[in-house]
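What follows is a short report on a single structure.
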Amino acid sequence: MIRFRRVTKVYHGNVYALEDVTVDIEKKEFAFIVGPTGSGKSTFFKLILKEELPTNGEIYIADTNLSEIKKWKVPYLRRKVGCVFQDFKLLPNKTVYENVGYALEVTGRPRRIIEAYVPEVLRLVGLSHKLDSYPDELSGGEQQRVSIARAFVNRPPILLADEPTGNLDPSMSHGIVKLLEKINNTGTTVLMATHDQDIVNTFKKRVIELKEGRVVRDQLRGVYGYGS
Amino acid sequence: MAVNAFYFLREATTSMRRNMALTVAAVMVTSLSLVLLGFVGMVVHAGDGLATNLKYRVDEIRVFLKDEVTAEERDSLERFIKKMPEVKSVRFISKEEALEEFKEMYKDSPDIIEQIEGNPLPAEFKVRMKDPKYNKAVAQRLMNRPEISVDENGKKEIKFPEDVVNKVLKWTGAIQKIGFVVVVAFAIVAVSLVSITIRMAIYARRNEIGIMKLVGATNWFIRWPFIVEGVFEGITGAIVGIIVAIMIHSWLMTKVEAAAEANLISTGYLVLLSFLLILVGMIIGALGSNFALRRYIEV
Amino acid sequence: MAVNAFYFLREATTSMRRNMALTVAAVMVTSLSLVLLGFVGMVVHAGDGLATNLKYRVDEIRVFLKDEVTAEERDSLERFIKKMPEVKSVRFISKEEALEEFKEMYKDSPDIIEQIEGNPLPAEFKVRMKDPKYNKAVAQRLMNRPEISVDENGKKEIKFPEDVVNKVLKWTGAIQKIGFVVVVAFAIVAVSLVSITIRMAIYARRNEIGIMKLVGATNWFIRWPFIVEGVFEGITGAIVGIIVAIMIHSWLMTKVEAAAEANLISTGYLVLLSFLLILVGMIIGALGSNFALRRYIEV
Amino acid sequence: MIRFRRVTKVYHGNVYALEDVTVDIEKKEFAFIVGPTGSGKSTFFKLILKEELPTNGEIYIADTNLSEIKKWKVPYLRRKVGCVFQDFKLLPNKTVYENVGYALEVTGRPRRIIEAYVPEVLRLVGLSHKLDSYPDELSGGEQQRVSIARAFVNRPPILLADEPTGNLDPSMSHGIVKLLEKINNTGTTVLMATHDQDIVNTFKKRVIELKEGRVVRDQLRGVYGYGS
């Protein structure tokens, strides 16, 4: 589903965010991406979304080479890849309902679909009572959950989650990862970057560890760190 | 697509409501530009009217006749003149009419009129050209006609429009040139102002646009609400502009027209101008937003 | 404070460099507004010059004398007129000079001059007032002087400026009124455009301002860089505006002046206007940013 | 140092973010604020900074009643209270160096002080190599550390940290909290909101637990949750 072939990403000519990364993620897989801060996890996701272009190497999504996708087709790629951004990226001028609805609206879904899907997905993340709030009226954790809701309202075949539990308390975090697991069971490929030891250790999924831009571990049923 | 059109409209209106300050600013700038544009349009039109008015008087040469010319000779000359393709009309003024006119003209200076004995004034043809530029050529062709009187120096008495009128014409010509330059300048000013406004509005929302793109919106999906917004602001600006322009018109122009003793701007022209301004407003809005969006919408 | 002044300058310049698009937009708007302002200023000044020019000719009444008046009587009348506080100057024109003038005036119409026998023209005083409005009053006070000739109806022969001139004067009066209104309108337009621009620039950075406040910046600490920026943009805009205005001036006005055969705008006035525009630019920038900041800087 | 007296904060007339909160935090104390997402932790900090006003009750900072502080004096209050914001709140148009320096610059410190302090504090949080980067060129964890550096470059008597480790890996998190502990030892009052069980359990400080806006626990040497 997602294939990285010797991918290197260099910012500004000297910041090596990813170096020689080769990874295969199969359809329906669930993998944690772990690694210290600044090790290139977010960059990994940005490359999949074609938000950044690789300096070297090839990336394939569902057997399509990203570098061969035409500019005007990029939006259609992004609709297939739901993403929970580390900094949420909510539209400040839209309410919670509108923020989530927007991801459906861009695909041209009719209104009644939106009116059915959005409240449902917001109920799943526990925000039914905040439909009409604006992002700056939400707590950090609530914003994070809106971002999660938006990423999968669209039922995309791939779901990326960049530290989706960073602002959530442990029980809420467990709930969210359980939700991701449920989504994964319906056939969605899920990639989740995280620092949360408990979660990684509890859920025992594939773990890809990055360090200074290199893949230093790729382990099925792994735990957070070697030492722990 | 029907769903989308509705969506874009809704999107544009909510965006305008939530960014009230920006919307008001954009409408203000548009209407200011269009008021300026309309105002200049009016002034140029009025100047044009004035110029035509004056031109009307300078495409005419006066051909004086010898006193001894008979009615037949006169008619033959008249036919000769009328046959020329450059000539629009010929008017005959008899010696008596000429005297009347002279007396009328100098009715405030009785001393001059008193000095006149009998009727020293010659009969004349007032020959109006299709364009003032033919004055010389027509006069040339009349030079060898015997019916035309001759002054002390043996020169045929054919009079061209007076110097003063010429000078005024030069003036209005210059004013019209300025007017044209000003209209073009203002059109450029208006378009650039609106596009600056819209560009700033988009600049203020550049982060939002980036997010929309990451969520999978196509460029046109992002653009449309802005364009609808631009067009709407353009139209609103035009309407405000028209109202202000009409107010200025009725307040100022009536004063000028009273002074000039002429109706320089017709209602028909105002209506035309209004439609034009609305159209220009729409185009400005649409072009402005589309142009501005180009910078911030690259995948 | 010395440290701060330096900081604010640095802050303003980096901010301008990093928001190049906004800076260029603000400068453009300022200079556009100031070009308009300067242009209107020039036109009004030119119109003013024209009007003074014409006024010069209408503050003069002509007092015709009886042919039989002696030199002493004439001198006594001249002294009487000169004593009046409203009178600026008196010029005597003898019968001979009057005839000369008449002949000169009608040199193109020999038939009229031929009709004149002897010298039917009276001697006259050309009395120039300090202001045209005194014309009537001065004439009134001359009504019972026996030296002044009388027409057939027994009315004293005192001539007022001619109707045509009056009409032109009405015109220029109207133009000046329009000019004044336009200058005021443009000043308002300029200030509101700049304040819109700066408000939008600040709107685009409203989040930043919020953060600065949370970090402990005082309102003035936040305001100063924006004000420096506004003033700088105002001055730059003014300079661009002046250059454009001078270019327009030299291109267009020379044409008009050639047509009008008068030098309507002096270099001194242009220099004055330039300084004025720079000052206005600075004030616009400072006021605009300060005014705009008020909305977003509340603790 | 910080006293809340029956403080209630209601948003929009119906969202009770804090309800009847009475808390005393002494000078030089170190306390964790814990509680599920949306329980009012960030609101607690916003009230201390006078970013929001309480609907009811009184707040005293160093024996000054916040409601009696004049508007123009609020910036001087804020200079005494360093704050690590949950969403970082970095100035996007300033580099890392300038962002941290700004907190000194607003107090009118001379240039040479700024040039001495800023690199020093950035070294402490491990960002010496990113001085000239802009915030959007940093990873989530790096942005968070810039925010931490800015909050205490000024050596404020009070330091608030709103989930300062949410985007950091476990070892970096431990380092940061150790740093906060060191700062606390120099006499600074430190309040830290967090979801991180490990940290709370390891450092054994005073724990104030909020739940739906109410203080449900205030315990010296506490642990994250009752259950754990």
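Per-chain residue numbering starts at 1, and chain names A, B, C and D are given in the order in which the chains are listed.
Just so we're on the same page, contacts are C-beta pairs under 8 Å (C-beta built on N, C-alpha and C of every residue); 3 or more make two chains touch, one makes a residue touch a chain.
As the structure is a prediction and not an experimental result, all values here were calculated from the model.
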{"item": "Chain whose mean Cα position lies farthest from chain A", "value": "C"}
{"item": "Distance between the centres, which are taken as Cα means, of chain C and chain A, whole angstrom", "value": "68"}
{"item": "Distance between the centres, which are taken as Cα means, of chain C and chain B, whole angstrom", "value": "25"}
{"item": "Whole-Å gap between the CA centroids of chain A and chain B", "value": "63"}
{"item": "Between chain A and chain D, centroid-to-centroid distance (C-alpha), Å", "value": "28"}
{"item": "Pairs of chains in contact (touch as defined earlier), listed by label", "value": "A-B, A-D, B-C, C-D"}
{"item": "Residue ranges of chain C touching chain D (in the complex, touch as defined)", "value": "3-4, 7, 14-15, 18-19, 205, 208, 211-219, 221, 299"}
{"item": "Contact footprint of chain A on chain D as seen in their complex", "value": "11-12, 34-38, 41-42, 86-87, 137, 139-142, 145, 162-163, 166-173, 195, 197-198, 224-225"}
{"item": "Residue ranges of chain C in contact with chain B within the complex", "value": "21-22, 25, 28-29, 32, 36, 110-112, 114-117, 120-122, 151-152, 167, 170-171, 173-175, 177-178, 181, 189, 192-193, 196-197, 199-201, 203-204, 252, 255-256, 259-261, 295"}
{"item": "Footprint of chain C on chain D - complex, ascending", "value": "49-51, 71-72, 74-76, 78-79, 83, 85, 89-93, 102-103, 105-108, 110-111, 150, 154"}
